[in-house]
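In the two assemblies presented below, subunit A is common to both, partnered first by subunit B and then by subunit C.
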Partner chain A sequence: MVSPILLIAVPLILAFSVPLWGLIHKKLEKFVPLIAFGFNTYLIFRLLPFALTERTISVVIANIKPPFGINLAVGPFGLFFALIIQLVALATAFYLLSYDPPEPSDKFYMLFILLVLGSTGMVLTGDIFNLFVFLEITSISAYALTAITKTGPAAEAGFKYLLLGSLGSTLVLLGIALIYGSLGTLNMAHIAHRISGMDSRLVVAAAILFIVGFGVEAEMLPLNGWVPDAYQAAPIPVVALLSGAVAKAGLYALARVLYTLIGMPNIIMLLLTFGILTMFAGELAALRQNDIRRLLAYSSIGQMGMIMLAFGAFGVNSVFGGVLQAFTHGITKALLFLVLGVMALHTGGATDMESLRGFGRKFPYWSMLFAVGVLSTLGLPPFAGFWSKLALIIGVIIDGHPTYAALALIATFIEVFYFARLLSVIYSSKLSPKLVERSIRNTTIPLLSATFLAAIIIAVGLYPNVFFDLGDSASRALLNRAHYIFSIIGHYLQSMGGV
Partner chain B sequence: MFGINMNPYELLAAVFGLGAILTYLLGHFDRHLKTWLTLITLALATYIFLHLPNEYSLESPSLLFGIDKLSWLFGILTLGLGTIVAFALLAYPELSPNFYFMFILNIGASIFLLLSRDLVAFFLMWELMSWTIFAMILGDGGAERGRAATKYLVWSAIGAAFILFAFAILAKSTNSFEWSGIVAGISQMPSGWRVAAIALLIAGFAVKAAIMPMHTWVPDAYAESPHPFTAFLSGVLSKLGIYGIFLAFFVLSARFELVNMPKIFGTHIFGYILAWIGALTAFGASLIAIKQEHAKRLLAWSSISQLGYILFGFGIGSAIGIAGALFHAVSHALFKTLLFLILAGVIKRTGTDRMAELGGLIKKMPLSFIFAVVGGLALAGIPMTIGFPSKWLIYEAAIHQGFIFTTVLIFAASTAVFLYYYRFVFSIFLGELHANHQDVKEVPFPIWFSYILISIPIFWLGLFPGKAMQIFAEIAEQFDLPAVTNFTATTITTPLGSFNALIVGLVFFASFAFGLLLYFIGGRTRKVHQYDTFLAGEADEPVKLHYGQRFFYFLERELKPLYRISVEKIYQFVAEFTRFVADQVRKGFFCGNAQAYLYYMTIFIVILVFAIWRIKL
Partner chain C sequence: MIRNIFALLLILVISVFLASSIASIPFGTEKTTVGKYYLDKTIEETGSVNTVTSVVVLYRGFDTLGEVTVLFLAATGLGAILFGLREKRKRKKERPSLIMRTGTRYLFTAALLFGAYVFVHGHLTPGGGFPGGVIVATAFLMLFLAQEGFRVSEKGVKFVEALAGMTYVAIGIAGLLLVGSFLGNFLGTGIPNKLASAGIIPLIYITIGLKVGSEITGLLQNMRETTEYES
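Up next is the complex of A and B:
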């Protein structure tokens, strides 16, 4: 087995080597993310067979075994999210080849790699303090990348994100401190094993702090005010990562902490309510939104709400639907944003509906890619979104929450409305005067990268078997708390006399 | 074949998939190639469809397919009428390859929908069928088309949500995703959930079947979709909704003891409600059809009305009712496809479907006129045509069951058919020719040939309904439903008596021929020029005296209170309200003020503390 540590170590080295590459030739910088994520994707595919089992592998760092040393806990659930993050990162890194980064470009690429690295670390780590560290790496890179264009709106959006995000991470740190103070351990498996002995009031307090802290990244309802501004102001490749990597990592952390660490069904089921509220808020806000970037941002909130709902239903069927939906949402939103970035090249940067009216008449292939993304988001076959949405709704009902499933379905009516309107604007016969025939940049590379994502969506839609298997083992792994504990610190518990 | 060892089901899917992709790719090279490729695809598909083995299961994702008499019947309708519509498409080389791609995909999805034997396969095909319609309505993207397509997709999503929810309930309670398992397990379901699931399914399918109050997308979608495709949309795709209702109401409910429910006029209350909904749909829609100014909208409302008849027949649920409803589904598929194709031809030649701007086309388009009359006869249920036995059976079922009020409504709706159809034929083909239409030609060969192709079964089943009755009896037997078994090739016998369609048809034809004879030998006619008009004895400026605008104004005036009832107003209110809330959320909640967001976070923590306090400690 290849060591999963390379998933973090290699990009880390490459990230800080970006300026060196720039010294050789300025053009070389933009290949660094591609090399890093290309390598990571290769590693992930080597690791995927393990994701199909139910095993969680503990990767010991510095030869000190958990619960004492720092370790990675590479299980099906984490690998599934790492797969999402890597696929999005790979497509985006490829897209970057033809992208003029905001200056200073070496810092842009560095932060870009760090952002992905942080999210990957979050989903792979077995140590709660490392979870916090990776959260900080992710979110600080994300704040910086949001504001990197140094325009007014970007700075404002970055500031809002920073304000909410840093407060959130502080709360996470507080939660960790509460747990560490009571249990004296930072290993997640060890905490999970011993949490039943902790004062339940402290556990609840920690749970609240975690929900609020990770909720910021996971775009949970009252904490997602930064989302529309950041999505609108950040450079397009960063936006693709915000929904494809950062939000997913936040969601992973939320699920991991609530399911594995806290493990109280009552608290997990709070996610049902938050999920529904988030969903409605996102979809309603998107309903009358005319700027497509903001529209997609709100839709992203809505989709994240739907995934949270699935995680809140606390059952293997709904979590199965939830992880599948996380996958399709990550890939699909990345596709939509990348295509939107190219659309904006043809309108001089404008992304409102009127400027893009009739885009589909002039650029049929681009619009087809966009339509694939939209139809997949709406959960229509033969795209990946069909299977995930079907699994999610049926799962939530089978796990005994038909009311929430019905509410989720009602929220999707709104979604269908604005996406249908969006498609009818893009395929309108009237042409926007802002549309130009040729974009200022060659669009071959973005085309390939968007085609790659669309191909994933269609391939998964037509042959969902592997996808189902991965989702199945991921959801089982999340719910099987005892198995997780045993895989990581089983040897330790045995040596302690099988406590 | 070709040495490939493929299951016919896989082959069928491959034919549709490859056919769609090839048609799309090669369609860019030649204007007519795409239609021919479509026809070849459909011909191959029909051949395979007729030779399908009984069952086929796909391992993973585990999907189950199979064929029985019911799917055979609807499948033949879909493929047959699809082929005929595709043939008429030869006259429309201007439609884009996208359209053909979606059209083939749509037919493929419809066929596999009919063949599916488990819920996931059914829902998969249902959704595929639904959104390809959206793509075709959107088409070249006029503003109105965009609006109609959006409205359609939202309604389609509502319908799909009902269906999905019901499927999930059924799967949860019976632990099975297969139809057979659900039918076997449904009697163990708690009765409340059972009724809810079936009601939801019927409501969901009613969207596609254009049953009131789920019909509001229909007039817009029909008016804006490509004209030849409207024929398929109304003729065939609405029948898939009917197919779904049949499954939900008979296949699922037949096993549970509807008999134990309270009865009204010998029908259990569920069926009675359906019959009322059907009758109200039939009546209301035909009233609205009367006052339409656009021919496409007129036919759209007429479709809604006729689909109401079918639901009415299902609601009665007796042997005659089921046979009549199935018969009417077939007959509506045939004659509405014909009528919409005729209208497509008229629009192709004149460029409008506004009835006030048409008229007198009988001289220019005699073939179209003749077939418009044929379609109208079938629509009105006149003997010789398929409409007669199908409507007759529904009337008989209503009378036999003793449904007084609904029968009145159904008869009134039938009268309205005469009114609006007379207007359709008169405003378009009779009266005076419009000045712009002096050199209009007959529709091109592919279109009028498709008229002939559809008219064959219209007359054949109208004169010899026995063949169709045989199939309906087999379907009824397959699902343990009461069946009309007393029939010969031409005669159908019911408890109310029997009728011989051939004799009735011949008598009718004889009297028609007699009238025609009188017309030719009796009347002395003098041919005058269209503008040779005079008023009060005075020859005035030549003026066109075609009566097309507000044709039934006198009726509209009398029926004003009825027209004021509109379910659309409720939907508009809901939409308005949603928009209002949406604006509040977008502008009020996502206000862009960082301080406010921090307040939210604080409040959220407080709420969390209280929420957990209540549930946990």
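Up next is the complex of A and C:
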């Protein structure tokens, strides 16, 4: 087996090397992210057969076995999320080839690589403090990338995100301190093994700190004030990553910490409440938006709420639906934003509905790609979103929460309202005066990268078997706490004489 | 008004809840499993007589690589956002005095040397790559303050920074190839208390020292405003 550590080490060395490429030739810089994520996607596909099993393996770092050293805990659940992140990162890195980055370009590419690297690290690590370090890497690069265009709204969005994000990170750190102070260990499997002996009041305190802390990245309700602003002001490729990588990593961290570390059903079910609130807040706010970027941002919040609801239902079927929905949401939102980026090239940067009225008449292929994304989000066959939404709603019903499934269905109806309005504007026969015939840049590369994402959505929709198998092992692995503990620190527990 | 009172009440409730939970944790007792292990096994396993260093560079070396990246990100992010905004404000200042200009010139070499000493001896004495790097940057800060129009080469800073970071990761990958574990110690532990001991720890601390030093120097240059001196 190839070492999963290379998923982190290779992009890191490439990120540090960006200025050196720039010294040779300025044009070379933009290929670095593509090399990094091309390699990572190759690696993920090499590891994929492994994600179909239910095993979790420990990848030891610095030759010091857990719980004393840091390890990666590579299992189906983490690999599933790593796959989402890498696919979005690959499509976006390819898109960057024809994108004029904000100056200084070398710093833009470095931050870009490190954003993806941080989220990949978050979904692979087996150590709670290491999770925090990767959270910092992810969020600090995200703040900087949000504000990098240096316009007024970008600076405001970046600052808002910075405030909320650093508050979240601090709370996570405090939660880790509570656990380390009581249990004396940072390895997640070791914590999970010992947590039943911890003062339950402290466990609850730590759990709440984690929910609030990771909730910022996962776009959870009271903490997602940064989302619409950041999605509107950040450069388009960054927005694709915010929903495809950052939100997914935050969601992973929430699920991993609540299911594996804390493991208390009552606390996990808090996610139900947060999920429902987030879902309706997002969907209802999306109804009133006229700017497509903001509309998609609120829709993203709504979708994240729906996934949280599935994770909160605490059952293997609903988690199955949740991970599938996380996959389709990540890929679909990335597709929508990349297409929107090209649409904006034809209106001089405007993304409000009126400027894009009639876009579909003039550019049928581009709007078809956009429609694929919209229809998949709504959950229509033959797109990937159909299976994931179906699995989510059926799963929540099977796990004994038909009311919540009905709520998710209602949220979907709200989605139909605003997406129907969006599509009718785009395919309207009246043309917006702002639309120009030729874009200022060649759009072949964005076309290929958006087609790649749309192809994934259609392929998964038509041949969902592998997708189901991956989601199945991922959801089983998340719920199998005993196996996780044993496969990471079984050797240590045996040497201590107790299993 | 009502909002403020509500906020205050909320803060009060949260603080009481947190304080009462934290009060029940027995900090400082011998409960910390891994902490005790590090104290007992450091010299035998790593050859470093400075336990803090062995924890930072070996036991939790992956976190340190992450923290180096976080620092790098903070510097890069700030550099990216300040780009194009700098050198706008000009303010008249009094010239640095002759004593300051001459003194810093002599102190500069000594400060550089001391910084290097601190990060090379990280496995033997208190200190290491991070403080060592900051001392190196302080040496440059002195010149920024005291010498008119002093600038470091932007390219040079970038070059050292990139190379140091890449060397750190390369040492990690060498461990993966040679002993089968990323950041694994492939050099053996050596004789404790010697300068050439503790395997890869001094190598990593040298890369960290250079990286932190060049990063913070670059950061200081970015944040500096150009000043005009009264003649």
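Quick note on the criterion: the second predicted complex is superposed on the first by the 498 of 499 C-alpha atoms of A that agree within 3 Å, B and C clash if a C-alpha of one lies under 4 Å from a C-alpha of the other, contacts with A are read in each partner's own complex, and residues count from 1 in each chain.
We take it that contacts are C-beta pairs under 8 Å (C-beta built on N, C-alpha and C of every residue); 3 or more make two chains touch, one makes a residue touch a chain.
As the structure is a computational prediction, the values presented were derived from the model and not from experiment.
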_Going by the contact rule set out at the top, does A:I414 touch subunit B (first), subunit C (second), both, or neither?_
first
_Contacts for A:S428 in the overlay, against subunit B (first) and subunit C (second): which applies, first, second, both or neither?_
first
*First (subunit B), second (subunit C), both or neither: which does A:L223 touch?*
first
*Looking at the overlay, does A:A144 come into contact with subunit B only (first), subunit C only (second), both, or neither?*
second
*Identify the partner contact of A:F45: answer first if only subunit B is touched, second if only subunit C is, both if each is, neither if none is.*
neither
*Once the shared chain is lined up, is A:Y365 touching subunit B (first), subunit C (second), both, or neither of them?*
neither
*Touching A:R201 in the superposition: subunit B (first), subunit C (second), both, neither?*
both
_Going by the contact definition given at the top, which residues of subunit A touch subunit B in one complex and subunit C in the other?_
201
*Which subunit A residues qualify as touching subunit B in the complex?*
159-160, 163-164, 167-168, 200-201, 204, 207-208, 211-212, 215, 221-223, 225-226, 228-229, 264, 266-267, 270, 281, 284-285, 287-289, 298, 358, 360-361, 375, 378-382, 386-387, 390, 393-394, 397-398, 402, 405-406, 409-410, 412-414, 416-417, 420-421, 423-425, 427-430, 464-465, 468
*Complex contact set, residues of subunit A against subunit C*: 3, 5-6, 9, 12-13, 16-20, 23, 59-64, 67-70, 102-104, 106-108, 110-111, 114, 121, 127, 129-130, 133-134, 136-137, 140-141, 143-144, 147-148, 150, 155, 158, 174, 178, 180-186, 199, 201-202, 205
*Mind pulling up the subunit C residues that touch subunit A in the complex?*
17-18, 20-22, 24-27, 31-35, 37-38, 45, 58-63, 65-67, 69-70, 72-74, 76-81, 83-85, 155, 158-159, 161-163, 165-166, 169-170, 172-173, 175-176, 179-185
_Help me check something: in the complex, which residues belonging to subunit B touch subunit A?_
60-61, 120, 123-125, 127-128, 130-131, 134, 138, 140-143, 145-147, 149-150, 153-154, 157-158, 161, 164-165, 167-169, 171-172, 578-579, 581-583, 585-586, 589-592, 594, 596-598, 600-601, 603-605, 608-609, 611-612, 615-617
